[in-house]
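Shared chain: chain A. Partners: chain B in the first complex, chain C in the second.
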Partner chain A sequence: MNLKTISAGRIADKVNRGELKARDLAEIVLQNARELNNKLNIFCSIAGAEALEQASAVDQKIEAGICLPLAGVPLAVKDNFMYKALPTTLGSSQFKSFYPPYNAAAVDKLIAAGAVVVGKTNVDNMGIGSTTLDSPQGPTLNPGDLQKVAGSAGAAALAAGICSLALESDSGGALLQGASHCGVFGLLPSAGLVSRHGLAVHSGSFCRAGVSALFPEDLPVALKVISGYDPRDAVTAACREVNTRRDKTDDLSNLVVGYLETLSGSAADPRRNLVKDTLNRIAALGIRKAAVQLKHLPEALRAHQVIAAAEASSSLLRYDGIRYGQAIEAEDLELLYRKTRRATFNGEALNRSIFGTYFLSKDGYNRYYRQALKVWTLIREELKTVFEQCDLLLMPVVRTGPFLASGETAYSDLLENDLFTVPVSMAGNPALCLPAGDINGLPVGLQLIGKQFEDAFLLSAALKIAPAIISDLQGFNGGGN
Partner chain B sequence: MKYETVIGLEVHVELLTESKFFCACPNHFAAEPNVNTCPGCLGFPGILPQLNKVAVQKALTAALALNCEIALFSYFDRKNYFYPDLSKGYQISQFHVPIGSNGYLDLEDDQGLLKRVRIGRVHMEEDAGKLVHSPAGDTSLVDYNRAGVPLIEVVTEPDLRSPGEAKRYLEKLKSILQYSSVSDCKMEEGSLRCDANISLRPVGSDTLGSKTELKNMNSFKAVEKSLEHEIKRQRAILNSGDEVVSQTLRWEENSQETIVMRGKLQAHDYRCFVDPELAPIQLTIEEVEEARQNLPEMAEARAARFVKDYKLPGYDAAVLTASRSLADYFESCLAIYDNPKAACNWIMGEFTARLNSAGIEVDRCPFTPHFMAELLKMIDDGLISGKLAKEVLDQSIASGKSPSQIVEKENLTQISDHGELEKIIRQMIAEHPDSVENYHGGKTKALGFLVGQVMKETKGKANPQLVNELLLKTLEG
Partner chain C sequence: MADVSIEELIKAAEIAKIELNEDELARLLAQLIAYKKWLEPLLEVNCSAYEPLLFGHGALNAMREDKAEQNTLQGLGYYAANYEDGFYLVPPIIE
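The block that comes next holds the complex of A and B.
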């Protein structure tokens, strides 16, 4: 069975009807995962008996007459979500054999809905980054070009046909950028819609849980499973309150899609043309366009860096090797802290610890942190204004294609690449990355952004628009449903 | 030169809640280490804080009871520092906006005049765990039972002028917080902890001298003693023309002296910022007013009521209301026993003495107010003598059995049977003819001797008044 040609919904249908045994599928999927992993370096760990047990449990429930929305659906889980059955490495060599004592809320919900966890996907150190270059096992390679990174190992697992759904996290663009690089659909739900209990949060302000899929119609189903109030994550209280939100688009001619009038970069940038072409194509559906402005885009990127670093410098303090994880023995406590933390962190986690400590210090607080908070307010206000002019905002996801897997990329380029994804991280809106074309033989996505908590509306509109956007996308095995 | 003492106190008080501040772990004193812990208070990855609203309610009550202005909008900050007893590497605290500010507490100064001590802030924070060092000093273990327990910190302005005032402030604070059920304020269990800042300045000066911080005082008495000690030390330094070094000192109870704990008081950069994982605390005016209405009757008001309603002397009322639990005990007892003065005497005297010597708290004593009422009734009914009652009290405290059970089991009921007593009296008269002679010779002391002999013979169970009466009748008759 080729997962690239069958949606998660179709798999669940077949399993629910008894036409396909979840256990049989799981065996094939696990075999496939092991083989492809050698080439792509997607997984930190691949499930074995646990996955087969989960699949058998699904089959038993189906036999008992229970229908499950994700019956037998192969699921990839990013390795910064706690999952008792497999180690949760957090992308750190000091957590190689860390078995958390509990499951993440989203993991529990997906398993309860019938999904089968195939493995834990590669992650940047402490979950910070959008390249997997900061993973102790090296980067996950892009299925479309082995010289490049995938960005997100979960997206790679989808693009390689190993899994049908991927549980993802995002704090500045990892989810959307990975989906863009791999040509899959990535949904970053509204802040406060999905519980982060069991996600190793390094930035309470920006970290969110989301989900990616090969087929857009699987996203609403997956979102329904993982969303909702959870007392273990205080911010999800907000999703209970609003009940007047739009949840579907009946008539596309009533829809106004905004786009950024001025985009930085040269006029010849193929990404600029991508937005233009896409707008023209969806205009053919009767959708109206509206030019909008996000003047604070460059400042938002800087502010995001400051705040994310500040929060990480504090949130990562708990990793001292005393209560869990591996400590490196030393003659005194101070040395134990130094050695253990030096071995625990690398790359961006280390940078953020250092910069963030400075940003919050007496010296840096007013100069950087307080300023960044002001910019945060500005970009939120600006996005609010944008959504007074349009229902959805169409924007690029990435500035460049995926980085080289050899890691020969300037640090500043890595930082700059979050330009288009941080506004959503900061404002809490939902965003959907959908494949919109290809550049240099690799897929490139665009993002559709909606108002906060109008996730259902965003998905409904996107499902109507998607066929017009992805019709001539090279290498995309559409169809499915 | 004459110096004026300037003291400010920082008091940490654990809040009386069922569970911890940000997780569901029980908040009670446990001897076994690390039993009251979960991944949350151990700082495991992926666990977000869940706010205990009761703790906020208690902090609000405390701030109101201490006459503070209430911040309707406040939030939690993270105070970042490394220490093994701090599981997350930061303490959740209120740095930028405390729930209460600009409060005060009135007390008597050393001249007996009323003075107002300003309370700068009352803020909420979580407690840290505790380090346990091996006697050999080679290993340290961490007990996280206390990690995440809700606290308030009550900080005074430098308004206290003597160790005695400091002690009275603490007593008053303790009484208010106990009365409002905010905390049990047990210094020996660490639910109330006090640090003191102290400096001296020439009388008449209005600039503050350089201060030292005192830590590790385990009782109010120790606070007073350590401050007295520190005043002497600082005065000696100033008199010799030197400057007091700003530093943290540790009070050593055994040697009754302070030792340097940390060098110069350096401003540690805790890099406080708003905790992004917790929602701000938004109180409504209605909530605050309701909490204000629900503030209980405090010690002074209760003592005044005791004087008025129960006709107790002012001194007795003050002693009974010094702690809420003792005052509650007294009133519970009065609910079923109607002689306030007798109850007051027994509770203040025999009962309190036994609690003190056994080191038991009133509210944990097995001798309930109900038992006390039962005991007092038995005395009133002449079933037992006052002397026997003390014995019953001892046994009841030790065994937890009710006074009536003990009296019945030990066959302690007073002998008030005329026939039985007359028999014994006749026997004693026969055995001590010389005493009888002395009595008739006008030596009234002999009567006492004979009563004593009867009491001795009955192992104290005879009703002494009746013995007296019957003996007189026999001797005269």
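The block that comes next holds the complex of A and C.
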């Protein structure tokens, strides 16, 4: 069975009808995962007996007459979500043998819905980054070009046909950028819609859980499974507002899609042309266009960096070898902390621990952190104004193609990479990355952004719009066979 | 003004409880100087009309009904790596 040509919904249908055994599928999928992992470096760990047991449990429930929305669906889980059956490494060698005592809320919900965890996917150190270049096992390679990174290992697992769904996290663009680089659909739900209980959060303000899929029609199902109020994550109290929001669009002629009047880059930039072409295609469906402005995108990017670094420096203090992780022996406790934490962090996690501490010092706070908090208010106000003029906002996801897997990328390029994804992180809106074309032989996605808690509306509109954007997607609108 | 002194960086590393050698300090100092220069456009934004945002989600408090609830021993032990008969099991610390 080729997972690239069958949606998660169709797999669940077949398993629920008894046409396919979840256990048989799991055996094929695990074999496939082991073979492709050697080439692509997608997984930190691949499940074995535990996945087969999960699949058998699904088959038993089906035989008992219980119908499951994700029956037998192969699932990739990012390695910063707690999952009891496999190590949760957080992209650090100090956690290579850490088995969490509990499952993350989203993992529990997906398993309860019938999904089968295939493995834990590669992650940047402490979950900070959108390249996997800061992973101790090296970057996950892009299935479309082995010289480039995938961005998100979960997206790579989908693009390689290993899994049908991927549980992802995002704090500045990792989910959306990975989906764009790998040509899959990535959904970043509204902040507060999905519980982060059991997600190793490094930024309380920006970290969110989301989901990616090969087929867009699988996203509403997955979102319904993982969303909802959870007393263990106070931010999900916002879910109480969800029922009052729009949930579907019936008439596309009533829909207004905004686009940025000015985009950075030259007029010949293929990403600008991609937005233009896409707007023309969706206008042909009767949708109206509206030019809008986000004047302070570059400044928002910088504010996001300052706040995220400050929050990481505080959040990551708990990884000291005593409360979490493996300690490195030293003459005294202070040195144990310092040596252990140095061994735990690298790359951007190390930078943010140091720079974030600097931003929270007296001088750094007054000069940078406080100003960043004000720009945070400003960008939220700008997005609010944008959504007074349109229902959805269409934007690029990435400034450039995926980075080289060799790591030869300037630090400034890594910093600038989140330009188009930080507004959503800062404002809490839902965003959906759709594959919209290709540049230099690699897929490129665009993001549709919705109003906060109008996730269902965003998905409903996107499902109607997507066929006009992606005319050659195999099996689209039916999920194949 | 993007300058930062090595003393400021050492102080930040001490507060962050991270052991850095001289090479790492030199690399991070150069990176922090470049980083602060990159941040300069942020400082130029006129934010006089805006208050700092302190809570990004805009969510309401999660208020539950004002009613006493009983915690169970099983509930308390759910997140422990080893929990038995109402006790947290930890490695021996006295040999």
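As a convention for this text, the second predicted complex is superposed on the first by the 470 of 481 C-alpha atoms of A that agree within 3 Å, B and C clash if a C-alpha of one lies under 4 Å from a C-alpha of the other, contacts with A are read in each partner's own complex, and residues count from 1 in each chain.
Note that in this section contacts are C-beta pairs under 8 Å (C-beta built on N, C-alpha and C of every residue); 3 or more make two chains touch, one makes a residue touch a chain.
Small disclaimer: the values here were computed from a predicted structure and weren't measured.
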Touching partner for A:Ile322 - first (chain B), second (chain C), both, neither: first
Contacts of A:Leu252 with chain B and chain C, given as first, second, both or neither: neither
Contacts of A:Ile439 with chain B and chain C, given as first, second, both or neither: neither
First, second, both or neither for A:Leu199, with chain B first and chain C second: first
Which superposed partner A:Ser412 touches (first chain B, second chain C, both, neither): second
Broader residue contact with chain A after superposition on the shared chain, chain B or chain C: C
Chain B versus chain C as contact partner of A:His296, first or second or both or neither: second
Which superposed partner A:Leu279 touches (first chain B, second chain C, both, neither): neither
Contacts of A:Trp376 with chain B and chain C, given as first, second, both or neither: second
Partner chain in contact with A:Leu333 - chain B first, chain C second, else both or neither: first
Intersection of chain A interface sets (partners chain B, chain C): 101-102, 205, 231, 234-235, 237, 313, 317, 320, 337, 357, 361
Parts of chain A lying in touch with chain C, wherever the complex brings them together: 99, 101-102, 191-192, 205-206, 229, 231, 234-238, 240, 296, 298-299, 302-303, 305-306, 313, 317, 320, 334-335, 337-339, 341-342, 345, 350-351, 353-358, 361, 363, 367-368, 370-378, 380-381, 411-412, 415, 426, 428, 452
Chain A partner contacts - residues on chain B that touch it in the complex: 39, 42-51, 78, 80, 82, 84, 87-90, 142, 269, 271-273, 275-279
Contacting residues of chain A [partner chain B, same complex]: 81-82, 88, 90, 100-102, 104, 196-201, 203-205, 231-235, 237, 310-311, 313-314, 316-320, 322-324, 333, 337, 357, 360-362, 365, 369
Residue numbers on chain C that touch chain A, as the complex places them: 4, 8-9, 11-13, 15-20, 28, 31-32, 34-35, 38-39, 41-43, 45, 47, 50-54, 56-62, 64, 78-81
